[in-house]
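Chain IDs A, B, C, D and E follow the sequence of writing; residue 1 opens each chain.
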Amino acid sequence: MKKIFIYTVLLILLVLAMPLVLSDFGINLATEIYIMSIFAMSLGLIMGYAGMVSLGHAGFFGIGAYTVAVIGQYVSNSYLLLLISVVISGLTALITGVVFIRTSKFYFLMITLAFGQLLYVLFWQLKPWTGGADGMSVSAILNLGFGEILSPNAFYYVMGVAFIIAYILLRLFVESPAGKITKGIMENEARMSALGYNVRVYKLLAYTLSGALAGFAGSLYSYFNVFVSPDLSSWTFSGQVMVMVIIGGVGTLFGPAIGASVFICLQNFISTYTERWPMIMGAILVILVLIGKGGIIHWLRYFKDIIFLRKQTDEGAPQNQVKKEEVVN
Amino acid sequence: MSIFLAQLLTGLAYGMLYFMIAAGLTIILGVMNVVNLAHGTLFMLGAYIVFTFISDELNFWIALLISVLLTAVLGIILEKLLIKHVYGKELEQVLLTFGLSFIIADVVKWIWGTEMQTLPVPALLDASLSIGEMVFPLYRLFVVFIGCLLALLLWYLESKTRIGAIIRAGVDDRAMVGALGINVGLVFTGVFAFGAALAGLSGALGGPLIGMYTGMDNEILVTSLIVVVIGGLGSWKGSFISAILVGVIETFGKVWFPSLSMLIVFLIMMVVLIIRPQGLFGREVA
Amino acid sequence: MLELQDVHSYYGTSYILQGVTFSVSEGKCVALLGRNGAGKTTTIHTIAGLHKSKRGSIRFKDKQLQSLSPHQISHLGIGLVPQGRRIFSSLTVKENLTMSARKRKANDGRINWGLEKIYELFPVLKEREKNLGTQLSGGQQQMLAIGRALMTNPEFLLMDEPSEGLAPVIIDQVGDIIIKLKETGLSILMVEQNIALACKVADEILIMNKGKIVWNGTPDGLMKNEEIQHKYLGV
Amino acid sequence: TSVKDGSNESKSSSGTLKIGFILSQTGTFAPLSEGIINGFKLYLEKHDGMLGGKKVEIKVEDDEANPQVALRKYRQLIHSEKVDILVGPISSSVVYALRDEVEKDKIVLIDANAAGDDLSWSKKSDYVYRISFSNWQNGSSAAKYLANNVGKTAVVLAPDYPAGKEVLRAFKDAFEAAGGKVVKELYPKLNTNDFAPYLQQASAENPDLIYAFFTGSDGIRFVTQYKEFGLKGQIPLAGTLEFGDELITQPAGEAAEGIITGINYSPYLDNELNKQFVQAYEEKYGKLPNIFSVQGYDSAAIIDKAVTEAGSANSEDLIKVLKGISFDSPRGPITIDPATNNPIQNFYIAKNKLKDGGIVPEVIETVENVTMPETSPFE
Amino acid sequence: MSLLKVENISKSFKTLQVLYNVSLEVKPGERHVIIGPNGAGKTTLFNCITNLLPIDSGSIYLDGKEISKLSPHHLVHLGMSRTFQKNNLFGDLTVEENLHLALVAKKSYRYNIFSPLASRSDIKKETNRILDQWEISSRRHIKVKNLSYGEQRLLEVLLAMASNPKILLLDEPTSGMSPAETAQTSEMIQKLPRSIALVVIEHDMEVVFAIADRITVLHHGEVILSGSPEEVRNNEMVKEIYFGGGAKQHA
């Protein structure tokens, strides 16, 4: 509980401090990173805490984005619209999840890929509603009750807040009984069942939450980018988020957010400086795997631990006692 | 009637192409449990290598051999240098092979440029057969033939040698296989190289049909992943059947449900996985 | 034949083997006893190369083992029946047996273990030949693990709790089998919890506690020494 | 003042002109992007790196053919690089995404390739000017000739995506207006590896001709498979300008022979400017230019002319002169139609001939000054 | 009235029939031991009772309620819990976390997605009680996969007991344990409150005779005898197929 509090305060400070050092474009990029971080965290939730690796998560993102674009033509209340997005994407996750969670591991990966592709084609072919492959402009304007949000700075703060809220909600879930149980199911499904848990309910719960959150991210993105196209649900986009989650660190909440930031910055800046960006990007991924400790966040932790441990030894570390006992039981 | 037969044959030939493309992936993914996202890129590389050596006035067949050898060598290098660090770590494999595919694809673009290319059909097979009133390219029949040959080879390796059992055991419990006196590292390198060589081979043989262009690697990859999954992991026979199934259904789908043509392979996969969550021939997961 | 000299092993920072010294001579069976977590399995793994020791020397027929990889050690003629069986779950019973099969190199008149011989020893494996290894009952898996090790035709067998999960009547059989194996010239290092079995087949008993060998002697010696039994084995 | 910290004020006063490119350098559109860049750079080189009397600095961004990425790159070019003019995208979905933004930010976008019809109709913007051609132009140009000289019934094929549909509807409109009849429309998915089932269906209709629009590798496969399945020589094949372009005819080789196309450019066009252009291009890049190189070249040309005429790179000044601007291009005279912001240009009915092992589109007839209707005839 | 009643169940894997009309009755609080040669079908019987494997025919009642179609997790809530012959734990979690997972199963807040588990004091207390009782408090932060085999066996039993079952099925609880741990576990089992009925598969005869009220002997999937320890000990057939000559060790 205390941990949540500290992290939240740190995050708030971060959100507040960033505009001081960023340029216009930097603010824009940071806004996008917040949204992508929410998206990556939603995938990180099922990957790291439920063992479900999805290659169709952009499907939910697309649902959220298109909901704002399409229904936003008729509904102007932003809160209502966001709620509708979240409900639609959550419901879709719930319904498809019932079928999908019967498959496991790689099969799950592939069936979700098919799901994402299905939505992609749907958005592509329902031209009268979605603008088809050419995409459509978003007419809805974000208004949270204190005026229309149009300036980059306003967007920045709104998305920053959304990111923090998403983080807190996820943190609560992960620490909650249901979250811990879901993690247990990821470790050993059969045993959890034998211990008396209805494993499918928990998997479905996680999948639904994750889908709803991805939809939420998508709807924010729609407001931000004011243009939607089927690419939002393409498998390459799903693949990118997956990469974000992995490079950030699977099994942590914040890792995927870090992964998203790093990935987007790399993708953006390397390609600006060289046409050979795929090669450099690829090399970075390879290097990350080879020297990685399972994600960038673990490096941060590693550094933190170094500092932290030094402190402890200064105080005459109580941890050492445990260590000694471990030597031989 | 004759158009029906023609389309059946078309589908079959196309399915065999799928099988060739997916074979290397099946082995690496299904047997070694390594997700090789660079498979499509190796396919592409295979085609480009043939392209290069043909332009050097070499015979198609010699160029093909060179392509297979070079991709195999690349496979060895990759395994020894990189892949061997990520056995059993699926997510790291994803990242690593994804990165590799980026790199290789960009190198290909660097060397061969962005223009689209095709491989000429080898002179020997550059003819069309007239079957009744319809015309069918000989080269496609040749692809069917090679597909069958490949299936035969895989069948031989699996049932007449211990190699298949050793690899599967190695995936189950690598240390234990070592303790039984088998050099697991060597076996895995060999298998990875074999898979890479198959990618190269299918690229060389598929080149005249599909051509080469930037971005093709992803399409090839997705297609082969789908074929493998429909068939069921760990079963090349499954891939064989599923490739033909996908080829035939897709061909007829183009005619009967033209509006679904973008989706059809994905739909097949979805339906199969809903009915059989472990694929057609996959082992049931306990 | 096998000689450990002051072997030290760690898992990370946990100090497990704290200077283990013993030897097994040719054609003998040595039993290693001790409480759970004493380090017996670690000892076996260290010999088989599955775990690297930090210090000390392990010699087998005049060869140093520490720097060798498991498959090289196996090729020197050391077979392993691991704790918990570690049957390959995606292989059938038959594949489990044949995948590692090796013919005996030297023609020294000992049994050349092959599929037929194993099936003779454990007929039930033949009946289940086509089943996946993990579809066997616990005891059957144990037989399979022993069979699998024999298929490599070792000169030296490491057995980690071979009687675990076996019915008494089968334990008797295993005991007889071990004695028979010994008669064919095989040397054995066996970790056991079943003291009766250990005493029945072993020529020498070692007791390990907290990573050290704390007692060694003959089976008779152990049977007579109630204090040791009580102190280290909790009997 | 330097460009880096430049704001609006620096744009007009500075001697440097900063041009941002949003192209698709990865993926299937890579060769198109490369052609455009090459053409643009060639023009620059010929003019000492100056356009409209200003030193030019260019910045190229890769949109991966994805509007979402394109928008991010766009923001970077505008906010961070502060470019004066954009030259843009390959794909229509990207141009539609950018359209609203450039309008908002008042930045001139020279559309160097995206062919979506609506950009000239319902989504026309004062800030967006197309230099290439529209799907409508591409589809309709050869229709009359085909109906009058080749045959009255046609099976038409195009990929199942907006451009495919737009090209075919334009063709059908014009073809049927000229007395022809489209008997079947087939839409394979984008990136179809195997056209056999479609070819089989098409030939089953026994049409007088088959008309097709396929780009990139789809185009190569379609043309080669047309031959492999024995249709070549049986049913005449006609197509859009893509089928007369080096990108497809070169790899397709012999299979592309005999196709009748409506092209707006070929390196073999007989005019003085083209001869110079082709020679210079071959010298610099070691290969023949194609339509995309010309689009790049013309993008530079139009900027050059517009900035000169406007006397500044200020958007508001530029859009005043861009409407109705005309200049000579290697493909012939070009005028930007103020009604559609789309170029009025010549199309050439050509037939692919085999010459020295390569394919040369031989011009049969010139259709002069092909325009677009002012509003969509389909609504 | 019996607590668990297994009536004529049969089970086969493809062509291999493993259980033939097996019947079994366990009264509340009874200690029922199942013995039989390897491969007799004991574990399969457990798997059928807990519905990890569907039965081919027959019926199973718990407290008079037919349970053969209920899913495994449902059974836990009816008061039936089990251990596995092969350790089946959460290797990457610590001992403490393993226990937490086992303890929450019956809590009403197991579906709660907001309030942190760590702040639940009841779980903490129960965990501490178990750790202290079994003198493994020092191991609480160790990842389970790093425990020795015998320690893992103990944890296996503790997890099953955590749900406070009415009936507990133990599959070879002492296999792999040293004589010391075996004795300790045997003692623990004996000390379990009589409110828990036990069905135990066991090969260690000392343990069997120490705990059994009743013994059922399974052979080739058939019950060949079900009776008191005395009856079983003296049965010639059981001696032959099961005890063997080695019976002397526990005579």
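Going forward, a residue touches a chain if its C-beta (ideal position, glycine included) is under 8 Å from a C-beta of that chain, and two chains touch if they have at least 3 such contacts.
Here is each chain with its UniProt name: A = Amino acid/amide ABC transporter membrane protein 2 (HAAT family); B = Amino acid/amide ABC transporter membrane protein 1 (HAAT family); C = Branched-chain amino acid transport system ATP-binding protein; E = Amino acid/amide ABC transporter ATP-binding protein 1 (HAAT family).
All values derive from a computational prediction rather than experimental measurement.
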Pair exhibiting more inter-chain C-beta contacts, A-D or C-E: C-E
Chain whose mean Cα position lies farthest from chain C: D
Farthest chain (mean CA position) relative to chain E: D
Centre-of-Cα separation between chain E and chain C, whole angstrom: 29
Chain D-chain E separation of Cα centroids, rounded to whole Å: 75
Separation of chain B from chain C, taking each centre as the mean of its C-alpha atoms, in whole Å: 43
Chain centre separation (chain B, chain E; CA means) in Å: 48
In chain D, residues with contacts to at least two other chains: 26
Chain E: positions in contact with at least two other chains: 148
Residue numbers of chain A (touch at least two other chains): 124, 190, 278, 326, 329
Complex contact set, residues of chain E against chain C: 13, 16, 35-44, 85-87, 146-151, 172, 175-184, 203, 205, 241-247, 249
Partner chain D, residues of chain A touching it in the complex: 23-26, 28-29, 32, 124, 127, 131-135, 137, 221, 225-227, 229, 231-232, 234, 237, 268, 271-272, 275, 277-278
Contact set on chain C toward chain B in their complex: 48-50, 69-71, 73-75, 79-80, 82, 86, 88-91, 95-96, 98-102, 148-149, 152
For the chain B and chain D complex, residues of the former touching the latter: 3, 6-7, 10, 14, 17, 109, 113-118, 120-121, 128, 130, 134-137, 139, 209-216, 219, 251-252, 254-255, 258-259, 261-262
Partner chain B, residues of chain D touching it in the complex: 26-28, 30-31, 33-34, 160, 186-194, 196-198, 200-201, 204, 216-217, 220-221, 224, 228-230, 247-248, 250-253
